[in-house]
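Please read the structure below before turning to the comments.
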Amino acid sequence: MQKHQLKQVIEALLFVAEQPLTESQLAEQVESQQITKKQIRDVLDELQRDYQERGVQLRKVASGYRFQTRAELGDIISNLWQEKPTKYSQALLETLALIAYRQPITRGDIEEIRGVSVSSQIMKTLQERGWIKVVGQREVPGRPQLYATTPEFLDYFSLQDLAELPDIPEPPSQVKDAGQSTQITAATATETE
Amino acid sequence: MSVASSEPLQQSLPLGFVRGEPVIDKPEDLYIPPDALELILESFSGPMDLLLYLIRRQKLDIVDLPILPITKQYMTYVDMMKELKLELAADYLVMAAMLAEIKSRMLLPRPAAIEDEELDPRAELVRRLQEYEAIRQGAQHLDALPQIGRDEFVAHAHTDAQEHVQTVLPEVALAELALAFAQALAHAELQHHHQVHREKLSTRARMSRILDLLQSKQRLAFHELFETAEGRQGVVVSFLAILELVKEALIDVVQIDAYSAIHIAVANRTTGAYAEAST
Amino acid sequence: MQKHQLKQVIEALLFVAEQPLTESQLAEQVESQQITKKQIRDVLDELQRDYQERGVQLRKVASGYRFQTRAELGDIISNLWQEKPTKYSQALLETLALIAYRQPITRGDIEEIRGVSVSSQIMKTLQERGWIKVVGQREVPGRPQLYATTPEFLDYFSLQDLAELPDIPEPPSQVKDAGQSTQITAATATETE
């Protein structure tokens, strides 16, 4: 396959796939053509440059590459739909922020910091959206479930990994949790303690 | 999204802004309709939110939290909520109790020797406030990030490629087929009835071919069933196949007169006397 | 709105709309911007040229404009939806084996040997695959159809004739007839247990 055609194929695949595609997935799609990952990466770089100034851009998010519209066009484009996009409540955003920044975390931890009981509706919504999931249990009495964010959470916010989240102050540790790590990296998502 | 409807909206609805700070105090000299006040009080996402708001509004230092005035103000708000018969979450009262406890411990004289930061009765509350403040900031960051479906949209193109999807038919290996045959026989425990031999298979294949030929022609001349090119062995196989077909009453062999050509035809059903027991 | 931005907006709208968009629909989306239809048409022309050689192209169809993949990429792109090959059931394989080894054979014969009824779906699948066909009827009440294998069946298994089918291990009770097995050279490794 010539490079010109490879580029067309990758471009077309990215525009029709339901989900973002990784380099490996793209390589797999054209595997019969003996294409190296390096060639795929070069094409992706080139496509990213090609679309730099266009209405849609090639973005890398947690679960792969996808074409998406420029952020600044959001207002005009959202007119296409009758419904207004969902506005998330402060309570939901705080809960999500706690899970994103302090994962893995139990519901009890969330309640302690927010000072209110966590509504089951919020946890259900976050799980239904595929943004959070149970990654284990803390080995204390009651074995509470530990929650972490998912790649879909990152995709939704067009992030590649948790390190891209804007910084917030690290948790104060003078009273307890002195040993708790404050480094937020994508790896924490799979930690089960 | 159901959250928006099932969760009270938490955005502050201040009465106004003074130097950028929302004013939601009930000024002494201004009547506020109870409805408006209700909205304001409901807008806090919890006791920590309220407490943090009170501290920030007065530009107080969290670390050196003046517990007495804060407790007093907090209680004023809680009383207002009670007065308006808001469904006051128990969490607000838990916080009130905590504040009262810290206050009383602060009032107790402490031996100078053990006075250190760790034992400051406010320490735990201060830690929680700091962490809550950080998380509030995190929530704001999340809200400000571009969101798919709100600010950014996934781009898709139409394609007719699905039409090119080919049905992939399962593969079967010859050995699998033989194994399946053996298994079928084993399951039925009929092995002794189904002796399979190479010779026999040729015969059965020829039987199929003859029947197939008879599908298109009603009658076949006997000699049409033999091909000299096949040699003697082919003739034997054909002959055995005809005999077997006759035996299974699948064909009739017809000769009108003595010495006239022999024909075979699909068995007439009236003469069919196939015995199932033959297997 | 500057022309540059108008182009981005129209491009983005076409990529996110579920349906093709007409010039009027596009004009409506940007109506607050006092854009003439002529301007929209110019932008569409320009976009059509821009995407001429790309993996997706801007095409005008009956109900408006839409981006769609190049026709000649259909084959490669269809890999995205290509299902993994499945496996045939044991029931189907046994049915096929009985037809192959015991032809011509009726469904009733197969059922008798297998001890279970043969599903019509299996017979249909085998016929659609072109591996078996009806070669006649047995002249007994009900005139059951007689099945046999086809030349396609032989082709698939690279056999010249049925005599090349592997020999089946003979049951232990059977006294082997030496004279009949002299011709057998193919591996008879299949075992019944």
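Which chain is which? They are A, B and C, in the order written, and residues in each are numbered from 1.
Heads up, the rule we're going with is that a residue touches a chain if its C-beta (ideal position, glycine included) is under 8 Å from a C-beta of that chain, and two chains touch if they have at least 3 such contacts.
These are the chains along with the protein names UniProt gives them: A, C = SMC-Scp complex subunit ScpB; B = Segregation and condensation protein A.
Since the model is a prediction, treat every value here as computed from it, not as a measurement.
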Central chain of the complex, centres being mean CA coordinates: B
From chain C (SMC-Scp complex subunit ScpB), the most remote chain by mean C-alpha position: A
Between chain C (SMC-Scp complex subunit ScpB) and chain B, distance of the C-alpha-averaged centres to the nearest whole Å: 25
Chain A (SMC-Scp complex subunit ScpB) and chain B: spacing of chain centres that average the CA atoms, whole Å: 18
Inter-centroid spacing, chain C (SMC-Scp complex subunit ScpB) versus chain A (SMC-Scp complex subunit ScpB) (mean Cα positions, whole Å): 35
Multi-chain contact sites of chain B, meaning residues that touch two or more partners: 153-157, 159, 161
Two or more partner chains touched - positions in chain C (SMC-Scp complex subunit ScpB): 12, 15-16, 56, 67, 69, 73, 77, 80
Chain B partner contacts - residues on chain A (SMC-Scp complex subunit ScpB) that touch it in the complex: 12, 15-16, 56, 66-71, 74, 77-78, 85-94, 96-98, 100-102, 112-117, 119, 121-122, 125, 155-159, 165-166, 168-172, 174-175
In the complex with chain C (SMC-Scp complex subunit ScpB), residue positions of chain A (SMC-Scp complex subunit ScpB) that touch it: 7-13, 15-17, 29-30, 53-56, 67, 69-70, 73, 76-77, 79-80
Chain A (SMC-Scp complex subunit ScpB) contact footprint on chain B (complex, rising order): 1-4, 6-11, 45-49, 51, 89, 91, 94-95, 117-118, 123-124, 126-128, 130-143, 145-157, 159, 161
Of chain B, residues touching chain C (SMC-Scp complex subunit ScpB) in the complex: 153-172, 174-188, 190-192, 194-199, 201-202, 204-205, 207-209, 211-212, 214-215, 248-250, 266-269, 271-272, 274, 276, 279
